[in-house]
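A, B, C and D are the chain letters, set down in written order, and residue numbers restart from 1 in every chain.
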């Protein structure tokens, strides 16, 4: 049966992957309330489509940090992609480039920055955790910069790893044949093996719990790459991020894998957008499965979105072809949504094209 | 077991029709959220019935665009009715006339305007898509006018066909023995066969994506028939439609088959009614299954409603008799609702007879 | 297994009674939305219990229209009780009197006013429909007055019978061995047998559809009994009822058997209470199953409540003993609710003892 | 399979305990609506986590009534713990002390204050019902004080026992081998055996229904122990409690076992906190199952929380080790929640770290 939306890859991946692997990708933290809410919140935002506008030509192109891409749909960093498919990050990189969009490589990738770069031209960002050992951080950042990566997506919501209970029950460990390729040859100090989830025993234990805003300054001293702060959920932190030199903000709750019971990213987006007052672009990841979701994020002020699980499940199901199909389906759905809403370019997408649960009903006196 | 409400024809149609056909009629776009919401939204609107009013005689008659009809319940355009039942649009036309109400013939009907007119006297509207080839449009409109059709229902929410995923999975195509009778003899240019859903390969591909408000002006130059703009969901577009010469507006989301996550039509209605300020009549289609639904639409300012799926499913189940029964049941239920609410005529139905979720609770200080 | 709440009699009655009979008592109109909402709405009203108040003695006694009763829990009129149990209204009358409360006899009872009176002392009201044939009405009213009935509960929400679809499907008819005892010997004109539900063919067809407020005046000319207007759901009608001479108002939606999608009675209560401004007592029926429900109605301004289905189902399950147990259980639960809320008498139950969804949250600035 | 959250002990206890015992611990009053709401309400409160704050060291220590404890997670009084496990209150006392936190012993414990004290050093409070026989109360209070208990948790929401319907159906009685150890040797007057639930026949029948605020004064004359008033749900009662000399308030609905349809404690908390204006500490019990729940209570102004059912179910499943694990899991989850929210100590947890359903949406004009 023909696959007609990205969510359908979920069940295929579940059937194909070992339980431990599927659970690793699929699960959220603790009660997984936010995991469900990341989806539910999109469904509570409705469209106000405008009719009888010539939508023959729809232009979805945009620029992110100066880089022109075909559509505001980018690939989020997801770890250990060779756990999903032998081609791993190679396949994702090829598919992203073929789709003319940006791929973000996880610093816990099972392919190195060089290997990913070797797949051919493409705009790639490097997701970074800051480890206690700043030397390691410097080498990682320099290595990515050298391999042609164009920006750092700095994960700031993980001073400690969230509790994914299936990882604990499954005693998750990286399959022996795989390794964190970007750390090969780096001195990471003693791996703390004692942590309850196998993953933590590798690298998570080395994440620097003292990370604070001053480290953003430091990071800008060791690279020219612009820094996207990934994991912002409040207006206050958006303002601080801008003062700290962030080139952009990714509204993210880490795929609902860190603190459970945080709002859906789409619900947190408008507060962050209003706080930035246009000074830096705001992006979003978390729960995007439909072209309609992409449109809603842009209507609330996002400049683009990143998708995580749909890429991994499609990778597991059909390798590079699967990732390509996911990007193509979202592209087609987003184009159709723009056409049916009466928007010919991203700049024509406005807040008036949607209505949210926190808007005052239109035909009521506005406060 | 006796059929006691229109929804019960759904299951009968499902059992009788081939899956591809039933799915075509039943499905909404993408996640089918709006399809469900078109129903749910009615249930969130409650009555404020007035008692001890002499309701011995209930008059449901009304006029639409000057045409007197027995009740404000009309038949919406649904395509390919011979796919539901051999008699197809003939049966629907006869039933609508017998009920003294208006039938809207789909321009994708499997019976021509002449054939429908031949079933006997009746007030009929012609649903129109505007195709790239304006010659085709002119011939269609003139043909309908000649066959005695009284108005055009111009569909304006379909610059591109919505994604009904079951049609894609079922590779929907019009059964070979059927054809779009109103296009017989017209030159439609090369049919674009490559589109994913079989339907699109026929005519949908020829719909003019550049359609805009100026085309409404043009349409008025080639016909005297009043034009109802079908597919309005915002106050802004209602105002523009009036300026553009619309004789009336149909608040519609195309049976939830175009853009998913648009509001239920009953939720969008009041904003549109307020925007028209009584200058043109506003009608509604989408999710009407009960006499109580009809009353609620009228209480929110609609002059009448159109029903789509109930007609098609009843047609599939029992042909003309089924369509007659649907119109009769809705009539009886609507009459009972008027009686139990204390309204003897449509003009007595007021906004105070209902309460919606966006009204300020009655015993609270009004803002 | 011991019965611990009134709802448990529902399943027992369902198992014992013929489907046609159980369906008659259990069903609501059309989609049965209000039937469910009559219950759900109670659950959205919460308590603000007050502590450390000496609740050793709880006094639930009250007076209704001057008649002292043991508790503000009375029996609503439900038709054809001999269809539920051979003892029918005899059993209900005895149980109500034993509980020291008021029984309302349905004018469609299978026992006459005299027979009910013969069961012994007790305060009883007579539910009345006004029929086209005013002679019949006069005889009924006089007969009740003579039999010692103390008030008329005039049903005003039934100009036409609501559509209970199971009655239509079951072709409901009163079992042949039973008859509407209060009509024996009265000339009711030609019974209109043609109506779809068997019931209608008896008497419903004779209900006067022209009933209006002037008939309340007329009714007061033929009896000294106070008139309770049963079926009010709006503030406007409460005010008119008082002007028309009503001695009291029963907020009722006829057990959700008339117009579907009217609010739950508990949701409509406060608007009606505010409209009466204390000039007449307001009562409620509809969905009361718990002592907590009784308290919530009183806290919203009701002087008492009537229960319908719990009595009929208990009657079906265990005859008089069942009805007694229902009244005792509700009494005990209501007493406990008063104790745990810190209220020693009905007058101590205030609006502050509950919070509803339409109240402004307490710790927010009050508009 | 490894236990990864406290709720998982529920199913284990259910499998291990006799139905009557499990039902006693698990059930709430009547419809058990509040039992469910105590959980649901937590899920409607979301976090506003702050990022890039050095959370290397997290300090959860706090003082309660002057006593330093390791974390604001304490053990609530639950009756008859030897019914759950042979070690009963001994095990709970040891686990609480090992976790460096406070245990509250139920006055219906199956171990005496002396036996609990004998398990070793630890800060313990004594839960008290006031009985008609004030002599008994005095002896109980003095006995606890002598055994080193540090405060009284006076239960004020139980002038009468709530209706737990499974206890009635199960004819709950304390297993013959167990007894209320703190009453051994005391004269309790004639046990009223006639009460429907076996429990009531023991001691509940002796609870003083006349208890009122003046008894709080009296209680302070017979002990120096500070008095926590347990069972407050309104601002008004919080203010009165302070005037009456309460040293602290426990917002509680008795584990939803007294009056059904009271708000969840987490929903009632903020009103009580605002009413106390910081004059006394406010605590909460009811529905806490996650570290995230603890954080939300503190963010709404609680100084600490008590857990009941998780302790009893873990005790039933794994005795002292189970209780230890519950306290450890909640501790770890609460620490993680603080880290991921950017709070290094309890004082850094503020109202801005959460958003509730009754807050005005952030990007809307504040009233």
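FYI, contacts are C-beta pairs under 8 Å (C-beta built on N, C-alpha and C of every residue); 3 or more make two chains touch, one makes a residue touch a chain.
Computed from a prediction, not measured in an experiment: that's the story for all the values here.
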item	value
Intersection of contact partners for chain C and chain D	none
Turn needed to bring chain B onto chain C - CA fit, degrees, nearest 5	90
Chain at maximum distance from chain D, centres defined as averaged CA atoms	B
Homomeric contact chain A-chain D: same or different residue positions, threshold half	different
Interchain centroid distance [CA atoms averaged], chain A/chain D, Å	42
Distance from chain C to chain A - Cα centre to Cα centre, in angstrom	59
Residue list for chain B, restricted to those that touch at least two other chains	367
Pairs of chains, among all present, that meet the touch criterion	A-B, A-D, B-C, C-D
In the complex with chain D, residue positions of chain A that touch it	30-31, 33, 156-157, 159-160, 162-163, 165, 168-169, 209-213, 215-216, 229, 231-237, 240, 244, 258-263, 270-271, 274, 358, 367
For the chain B and chain C complex, residues of the former touching the latter	1-2, 4-5, 43, 45-56, 290, 292, 296, 333, 336-337, 339-341, 352, 355, 361-365, 367
